[in-house]
Amino acid sequence: MTQDDPLLTVENLHTSFHTDDGTVNAVDGVDFTVRRGETVCLVGESGSGKTVACESITQLFKRPPGEITAGSIVFDGIELTNCSERELTDIRGARISHVFQNPQNALNPVYTIGWQLLEAIELHQDVSRAAARAEAVELLDRVGISEASDRLEAYPHELSGGMKQRVMIAMALACQPDLLIADEPTTALDVTIQAQILRLLKDLQAEYGIGILFVTHDLGVVAEIADRVVVLYAGKVMERGTVYDVFETPCHPYTRALLDCLPGRGSLGGIPGSLPDPMAPPAGCRFHDRCPDAVPDCSTGDQPAFESVVGEDHEVSCLHYRTAAEPTVLESGVEPRRPSERTDGGDTHD
Amino acid sequence: MSSDSDSRRNTFEDVDWDEIDDTARPISHRALAIASAYAIFVGGVAYDVLLAPEGDTIASLGLSLQALDWLYILTLLTLVVFGLVPLSEHRRMTAHYWNQFKKNTAAVVSLGYLLVVFAIGSIGPRVLEKPRVDARNAYQPPVFTSVESWLPVDCVGPVVNDRCHGTWAHPLGTTHEGKDILVSVIYGMEVSMQVGLIAAFITVTIATVVGISAAYFGGWVDTVLMRYVDLQITFPTFFLYLVVVYLYGGSLFSMIVIFGLLGWGSIARIVRSEALQRREETYVLAAKNAGASSSWTIRRHLLPNVSNSVITAATLLIPSLILFEASLAFLGLGDPTVPSWGGLIASGRNDLQYAWWISTIPGVFLFGTILAFNFIGDALRDAFDPRSGGGTT
Amino acid sequence: MAVYILRRITWAIVASLIVLSLTFLLLYFTPDTQLTELQFQAAQAGNDPERVGEAYERYHGLDQPIHVQYLEFMTNMVSLNWGWSETRSQPVTTALVEAIPYSMMYAVPSILLSTILGIGIGLYSATHQYTRGDYAATAFAFFGLSIPDFWFAIVLLVVFGGMLGWVPILFDTSVATVSYANVTQLLLPVTVLTLTSVASLMRYSRAEALEYVEAAFVKTAKAKGVSDRRILYRHIFRPASVPLATILVGDLVGIIFVASYLIEVVFGIPGLGTLSYRAIVNQDTALVVGTVLVPTFLTIIGNLVQDIAYTVLDPRIDYGDR
């Protein structure tokens, strides 16, 4: 297996939640891949399905009401959607681990840090208590917690938010996983702590060569950490490509709108409108009713198929990029405005 | 934009600045109406105490109101003023809570049941004569059922095959004393409602005042009040009542007052902890910074925000009060002049094998009423829970 | 922590003394029914009721000033000299000591059962929220919570004792504590008491566990690869046990005292409840006070145990001012 073979391949993933009021298709056909040693960012507004998508990988959400209704998730050759709960339990923490958004509640308040770290180590490794302890101290040391051996006796409430997140990362790394899923790990932290945590993740990735799936709504963080970006909107992928391509030549109007929201990019008002009703998503492109470039065809049919655009593996789901072989977009008579300047070099990699 | 803020107010109990502007006028119509309602009440009590001839409040109507009745009127008045009036004023909020509440079918049925019990219990005793002892009428079975004909002294209904059949004259049968059970049950409805509502009213009033004062003033006020609550909670109300009833004899009035005066400890704790949380919240601090007075802050910011948990706690308190009263009446330690369900159950206890209906029927009503309050309390808790209702995303 | 526990113990003692003082005041300001009775009899027999009254008061020390009486009352109470039961012709403490085993005979198994069942079913309900099992458990809880225990006791007694004849109707004190006969006659009391107390415990433990089923740290544990079973025991039950400990000794004690009072009267078990009930009916003041003080002191001790359990179980508790 070479470095370029995907570590994780998610294809056509559908995850639904059955509630009293109806079924929410939180993830509605999502594809992406993560390779070893690279960082892939899932980007989107709150409620776009980022968290559900990454919790679907090892099925962390509550079942019921949650359920993976279709699609495949292949991790290192294993089809995870076919795995039993037992098999998943063996993979969680050992080969795929998680870091969550809010470190305040992510640690069990009634156990010491040491107890929780040791639990992570001893669950998947057959080591003696002493060896596990030594490893725990080393892990804490590695994530930058001073006086590590004393800290093992501390309870979560005695640590700051940043410290807790470091403990969470230490716990996630306890068994040298292949894939680390970090769900907005810095959102709840101060900016200075944020930068430290991001640096730590980068360093650890370089050291262990793990793949990181990073979820965030903060494009500033994306620019800092990502190799590739997947833009999600209302449970669908809008655009994906390398961080360079997506930032330099954003193709989907939604991506552009997100980028415009970055400080210093002009738009202060955010994106007008709000996410569609998750119970009854609109036909056509999910973004059409907030899209400045929408044409009548955007509101019919399904989400447009992916089209390759300029750059490596750069794909976008937008009618404006439909290749000339399909004439529908021309019939509408509306010439795409800004996007048209960028479609010319659309070379196909696949 | 305006629809946006409307829907926000609909879901969360935010500060409603428009309303504050409205009520900032010297005297609003609402305040005036409330004040006059209470004034009429005070006038009535004063008349009864000072002027009315002994026993009769309004002789011409044959109306005689006792202390208990006045307290009941005050309770119902307060329920209307602070319950129904705000609900009808804040229609959108009411609709929101109703939609949450409606999801729980059992609670809706329970609400209907309780309203019926309340209505019958309020009207029945005014219309029906109090059940009387009538030995010849004893042990009549309920309608559609029958017993061995030797049991009733004198079977009112037809006797077929040596079995006495029940009639509509006594739809739920009669006791060993010949009291009509339906009438007794109806009288019992009023007793149960009075016990539950009045005692809960006293409890909630004291608990709210104490809890809010403790939270708002803090310091030694908090210490003293909460120490007292610690002590009060330690002493089981039931046993305290036993002692008091033993020493002084128990009327329904004193029982209710004792339940109300001594059972507020745990709700005061709830109010205090809720109010403490709210006190630190931005909008309360903002109001304080803007120069709002203590009473304003308490009334406009703390009270509305603790009301949900108080209402829920009170709804769950009522069934235990009703059960207490029934238990004491069952033991024969209640008010002997009052036809309580507990007393009725006790009166049929020894005949249960022959005349199953005497104890069973009031028991079913007691069970149903307690169950209904429990269902409603549970549904209210869910409806008020900000975490409920939203989908999972 | 030791200081904190010491403070709680001091508080428990202070609370007990306050309860005793209140009892004294209640008694002091209440007309003595026995005295009235004696004076009435004396008047009927042609004696001077005043003199009889004085003799009675002197005999019982009631002619002393209030602080002397108070001191004597408190000394007696603390030294477990709780007076003489006129109706039973024995010291109150003896009557209590004789009654308590009968109460414990059904209350102890019932407490154990309801603790195990209540927490067990509650946890099951929480982890299987909105399944058929959860609905059944909820319905059961509402039934137990709402059924008037004394009424349920009578109905059960009539059905299983009277109609089916499976259990004796009258409580027999002569049978050995550990015997089949005793088990059969305790079956119904234990059932009724357990049903009443298990319901609230179930609801509480379900609600508490639900708080934690959704908690972020449970998701962390799951992401670590902790099995469902271990999550339930180690990550949900352990933190939930802290507030549950409160309910166990707080609410449960209260429910059991009230319920057992009625249950004993219905089933004719000569325990504390019946003793107290008889004392009230027979106007035996000393015995009434004694039988009411026992559950009160037990509640105070229960609260103390609960506070101490809290400090041991929850590392977050603040031992500072409280």
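The chains carry the letters A, B and C, assigned in the order they are written, with residues numbered from 1 in each.
What we mean here is this: contacts are C-beta pairs under 8 Å (C-beta built on N, C-alpha and C of every residue); 3 or more make two chains touch, one makes a residue touch a chain.
All values reported here derive from a predicted model rather than from experimental measurement.
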| item | value |
| --- | --- |
| Highest C-beta pair count, chain pair | B-C |
| Most remote chain, CA-based centroid, reference being chain C | A |
| Chain A and chain C, separation of their C-alpha mean positions in angstrom | 55 |
| Intercentroid distance (Cα basis), chain B paired with chain A, Å | 53 |
| Chain B and chain C: spacing of chain centres that average the CA atoms, whole Å | 26 |
| Chain A residues counted as touching two or more neighbouring chains | 62 |
| Chain A partner contacts - residues on chain C that touch it in the complex | 130, 213-217, 219-228, 234-235, 238-239, 242, 313-316 |
| Chain C-touching residues of chain A, taken from the complex the two chains share | 58, 60, 62, 64, 85-86, 89-94, 97-98, 100, 102, 105-112, 119-120, 123-124, 155, 157, 168, 171-172 |
| Complex contacts: residues of chain B adjacent to chain C | 230-231, 233-236, 238-240, 242-248, 319, 323-324, 326-327, 330-333, 342, 345, 349, 352-353, 356, 359-360, 363, 366-367, 370-371, 374-375, 378 |
| Complex contact set, residues of chain C against chain B | 11, 15, 18-19, 23, 26-27, 30, 142-143, 145-148, 150-151, 154-155, 158, 162-163, 254, 257-258, 261-262, 265, 276-277, 280-281, 283, 285, 288-289, 292, 295-296, 299-300, 303 |
